[in-house]
Amino acid sequence: GDVVKIGILTDMSGVYASLGGKGSVAAAQMAVADFGGKVLGKPIEIVSADHQNKADIGAAKAREWFDTQGVDMVNDLLNSGVAIAVQKVGAEKKKIVIVNGAGSTALTNKECSPYGVHYAYDTYSLAKGTATALMKQGLDSWYFLTADYAFGQSLEAETTKVVGVLGGKVLGGVKHPLSSTDFSSYLLQAQNSGAKVIGLANAGGDFVNAVKQAKEFGIKQTLVGLLVFDTDVKALGLNAAQGMKFTTAYTWDLNAETRAFGNKYLAKTGSMPTMVQAAVYSSTMHYLNAVKAAGTDDPDAVMKKMRDTPINDFFAKNGKIREDGRMVHDMYLVEVKKPNESRSVWDMLKLVSTIPGEQAFKPLAGSECPLVKK
Amino acid sequence: MPDVLDHAGEMLRVTGLHAFYGESHILHGIDFGVRRGELVTLLGRNGAGRTTTLKAILGLTGKRAGSVMVNGNEAINLPTHKIAHLGVGWCPEERAIFSSLNVEENLNLPPKVRSDGMSLEEIYELFPNLWERRKSQGTRLSGGEQQMLAMARILRTGARLLLLDEITEGLAPVIVKKIGDSVRLLKERGYTIVLVEQNFRFAAGIADRHYVIEHGQVVDAITADELAASTERLNKYLGV
Amino acid sequence: MDIPLQAILSQAMLGLNNGAFYALLSLGLAVIFGMLNVVNFAHGAFYMLGAFVALLGYDYLGQWLGNADMRLSFWAALLVAPIVVGLLGVIVEKTMLQRLYKVDHLYGLLLTFGLALIFEGVFTNYFNVAGEPYNAKPEVLEGAVNLGFMFFPKYRLFSIVLSLTVCFGVWYLIERTRLGSYLRAGTENPDVTRAFGIDVPKLRTFTYFLGVALAGLAGVVAAPIYSVSPKMGSDLIIIVFAVVVIGGMGSIMGAILTGLALGLLEGLVKVFYPPLANTVIFIVMALVLLWRPAGLFGKEA
Amino acid sequence: MSNDTILETQGLGKDFRGFSAVSDVNLKVARGSIHALIGPNGAGKTTVFNLLTKFLPPTHGRVIYDGEDITSLKPADVALKGLIRSFQISAVFPNMSALDNVRVALMRTVGGAHRFWTSDKALDAYTDRAMALLGDVGLTDFAEVLAGELAYGRKRALEIATTLALEPKLMLLDEPTQGMGIEDVERVTSLIKRVAVGRTILMVEHNLKVVSTLADKITVLARGQVLSEGDYATVSNDPRVMEAYMGVSADEQAMEGAHA
Amino acid sequence: MQSNDLNPTSLKMARGAEQKTRYWPWLASLAVLAVVPFGVYPTFAMELMCFALFACAFNLLLGFGGLLSFGHACFFGTAAYLTGHAIKVWGLTPELGILFGTACAAVLGVLIGVIAIRRQGIYFAMVTLALAQLVFFACLQAPFTGGEDGLQGIPKGRFLGLIDLSHTVQFGERELPLALYFFVLAITFGGYWLIWRTVNSPFGKVLKAIRENEARALSLGYRVDRYKLAAFVMSATLAGLAGATKTLVVGLASLSDVHWHMSGEVVLMTLLGGMGTLLGPVVGAVTVGVLHHELASLGSWVTVTIGGVFVVCVMLFRRGIVGEIAHRLRRTI
């Protein structure tokens, strides 16, 4: 078309709204503005919609965007189910789909697509970082509370592998429906299992509620969130969360660049960006650069360029998109500060260690993605 | 009640009463009156509008217009429960005994509208069968007993104006007699009674006056003493 | 598999906790249905509203009144929220439900369904489905008591006791008082009841107030346990429907006992066969219907 | 059981939670006769009907119809065997025309009611027969009127017409004249007489005038048991019956009967 | 229950049936629908057709059987899942897949029907709702449904193994999936015709009679329960057909197909269009569909609007759009 259209398909009112949602749209707009609002002389447009965390709605919306609105690229996608569905539509329609919110490794394995990019993080990288750290502390018997959908399951599976490899054992687990309110009975089961660690393979509100109720029932075991966002920590408060270790792709207080972006974003939206929102900015930027470099918005050309150019910005260090669509970059293991260490409302996390990309992400060897030539 | 009205002496005065069920216009200006202590009957064919008349007096029909004076008070604009508090007791065609209440609860249900209602003792004395079955569920009673209960229920409240609808309907002769006796008794006690009846023989025995209703209007009034004279006139109305 | 007794007992306690909520809610439903012949689909929404009244009163009231440290305490909420919700119910009854008594009862169901969607939607818009935590749990109820087999949070114990007290209070009101017999009579034959000098319309309004207020109360009690969210009622309500069908709409006591029993059952199933936990109630319902279509406590239709 | 008895009950009884509404009733209804069931209210007449037509399951006893035991059958099956009832409260399909009321009944006898793939013009086949039946009960002019809009007496007439459509061997009528004005009573009485030819009729009726003009045999129930049996004269002179049911001498009754 | 309240126009329906049937309306609407994809976004049009069929199936039960099922989504959804599974995993051809899904819906219809018809009116509504919830959880946990993610990437396949349904035709710069469109059109029309036929059949008459006075129908010797069950199963089956077809259109089946919101939606469609009318559900479905589509950007205000429409219909508009028109025109639609 005569404009370059970017579609932000996200969760506007659901459990993940605070992780992406309007914030992701804002991030994309910032990227477009910083890029100059035009590429190859064509204006850049942003459309957005709510996928309500329902695969059918997301897919239908994407299909309609591609068919009737001439959208060139879809970004964000907070729920794995939706992400998989939309990536399929993208493949069918030959349009680029960038996944930032969802984490299921399926996106770059069984379900991988030549037009799909899995940008921010995935369950493997989270599991690897966090599990390894805890095993080092000798916390080697686990029990899982798992959100019963692709993301949760994949997170549990990956963690289980890591724990196994490092010689720990998993004593069991229980699946709970997405966005439950009452975790008490699951927690009691976990308690009865006698495991040292209760791994929370869920996200957002589920994670927060679980931790709260664990306190209510005076559960002694170590609770560990396998996917934790700054916003969750804020919701829990430092008191409840202090000392908790988790893996993330971005937090604002890592270095000068991250701080710069963080503050800029804070100024615009009133809150610090989550790793998803930061990734939306970064990936949109990368896409636009690719379009410019390719001199066309033809998906195949752009996709090639995106693969060929390494990514080095505030978000991604030594970033590279593999043939399976995985964007490999450094991840960070962080720890929640004690209340007395915190100097401001957003001062909550401290860096424990940096996990280099090639260790953080699943090696291509043994990938189930048909695109990977062995 | 204020004595002023006593010598006026009218317990009920209905003038130009119109009533509707939804769209259908049933009563076309009913006029009649009942003096204190009188017993009048409303006669007529099926669907003439007698039940409707009683319901309209109580404001249980749809729209209604005209005037209903219950011992000196205009009732046409009052809600049903207020009308009842003017001292009107209604014994509906279908008896309407409450199955969720036992006999005694049924008796105790209606709030007293005046102090001088009958006590339970008096009522059981009037209807001994009710005493036997006082603890059993309302609808478990046989038709006749249900009928007695329906009447007894309104006597407790102290209502002085009784609207009785088809109280002998579908009853065995033996029970019809019983009911007849109790109605006479009430009349002696000075109750004012409006009686809707198919059973003319039953009505003839006890009424002071008969109003004949046709197509929602009072077409004739016959007093007890001129009754004998006007039998065939009546038969014409009732289509015998 | 061998399950430690202590696990069973603790899950049973949690089950009882849920059961208490089921009882409170199904009681409200039964009362409304009994008197108004309306299946109050909005019951879940009113439950949610109750919780939100408490939440707003605690976190936002101050800001609105321009006095930040002015808050509606939990204890106050226990009283205020049911009344506020009840009054909302009164508005609904007087402006809408009232007009539907004459037509087919299904319309009552459809109306309240619509209302439920509206309430849910509005709150979802302002507090997305994730909802917010309610942090007003009173000090005295903090912490847990040692039941020997488990540490059971004081607050949950309190919620069980409170719910049951209220349930039996309502039962007494309806089965054992004059007002109760008015209610029952008004249900059976409104016209005649009116003709006896009883203000049936007012009774109806009151009943709806009562039923809905019960839902509101349940909401407040639930708030500190589960975080307050717009959808908290919508899925619960279907379970409660099942409870009511099992118990048989007619009976107040039926609603209470069935609620408790099923909560307990659910809790135990969580121990023995977790996957069945969220379906067991519906399965029981199906079986009961095959065996006793009128429900366990229902009168033969 | 002899072939001229169409319906027989043996020790028929029904208890409602302890309270026994009907106990040990032994009825014999002769083929082709009009048999009346009378008795004070609560005697158990309607309950007996419900037992015969299986709307209630009996607690004791057997029901034998046309030589076979139907005690354990379902209402529909009983109806299929030609034992059809009418209700104490008039029962029609209010939002269907009188004609359709009858045609739906006819369709049941002929079959094909389950067909959802054919057009309902199929029903036109029954129109003539239906009109004939409406004629019998004097409703020819009301064929197109909605049953719900018919006057009370005519509703009953229509109900009888639909019942006839099923060509019942045995008709059970529960208080066919209840709540009717005098003229309606007479219309229905003569109607019953007319349709009775070649059929058996068992009816509940409080109106003794009707009973005396129609019934070949009368069974008096009281407190759920048979009190007396025989033709009108015998029954109405039976002192127990007078005491329990009429409470007055028979001849006086016959006159008063107009409305009791 | 007072059926006459429930479907004000069914009377005119019954009478209309006595007039001789006209064919031109069928042909006309077919003609119109044939050109639709050139104007409207075809995928959307096809979805609307599926929902229209769904609503009609539902209305067969409510409008003509007098039974309000609040759990019809479970038939719609079950068929959707099983069709998807059959086509994707077992590689069945689309028509066989749909057939399979529909058949399963029918079986489920029998199972649920047997239980549900034991209660009437409001109870029936609650029972169906609860049983549907049971099915919902079953789908949530069943291995092949993909839980929260749904069953995805269902191929369109080849009709009878010959015609490729994913085939598209270039029209302007748009790609029109005409093959699929006409396939769906055929199915929807077939379903609709069957319903029309059923309503105006002896069976339909008996259903009406039962709704009017059950005890009487019983005493006439009709096995009432069998007729109710038959109506229920038929409705369930057609709902299934709609679900199965929809799966093929959007290429995935998900929990929202079995969720009670879906059951609510179909009630609304019927109520809004006019229950007890043949055209009503279609109009209702299209209206609601468009409503959703237009308001999608409003987030949760959609729910509010839907709720609002419900309230308005119940309070002021009980006949529904078509019912109202029919009432005005005093003739059959």
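Order of writing sets the labels: A, B, C, D and E. Residues in every chain begin at 1.
The criterion applied here is as follows: contacts are C-beta pairs under 8 Å (C-beta built on N, C-alpha and C of every residue); 3 or more make two chains touch, one makes a residue touch a chain.
These numbers come from a predicted model, not from an experiment.
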Shortest contact path, subunit B to subunit E, counted in steps: 2
Taking each chain's C-alpha mean as its centre, the one farthest from subunit E: B
Comparison of A-C and D-E by number of C-beta pairs in contact, larger one: D-E
Inter-centroid spacing, subunit B versus subunit A (mean Cα positions, whole Å): 80
Approximate Å spacing (C-alpha centroids) for the pair subunit A, subunit D: 77
Centroid spacing, where centroids are CA-atom means, of subunit B and subunit C in whole angstrom: 44
Separation of subunit A from subunit E, taking each centre as the mean of its C-alpha atoms, in whole Å: 39
Residues of subunit A whose C-beta touches two or more other chains: 12-13, 177
Interface hub residues of subunit C, defined as touching at least two other chains: 124-125, 128, 278
Sites on subunit B at which at least two other chains make contact: none
Touching pairs among all chains present in the structure: A-C, A-E, B-C, B-D, C-E, D-E
Residue ranges of subunit B in contact with subunit D within the complex: 45-47, 136, 140-147, 166, 168-177, 198-202, 238-240
Subunit A residues within the subunit C interface of the complex: 12-15, 17-18, 174, 177, 179, 181-182, 184-185, 188-189, 192, 204-205, 208-209, 212, 216-218, 235
For the subunit E and subunit C complex, residues of the former touching the latter: 1-2, 5-6, 68, 70, 115-116, 118-123, 125-127, 129-131, 133-134, 137-138, 141, 260, 264, 267, 271, 299-311, 313-315, 318
Subunit D-touching residues of subunit E, taken from the complex the two chains share: 3-4, 10-11, 14, 17-18, 21, 197-198, 200-206, 208-209, 212-213, 215-224, 227, 230, 234
Residues of subunit C defined as touching subunit E within the complex: 33, 37, 39, 96, 99-100, 103-107, 109-111, 113-122, 124-125, 128, 238-239, 241-242, 244-245, 249, 275, 278-279, 282-283, 285-286, 289-290, 293, 301
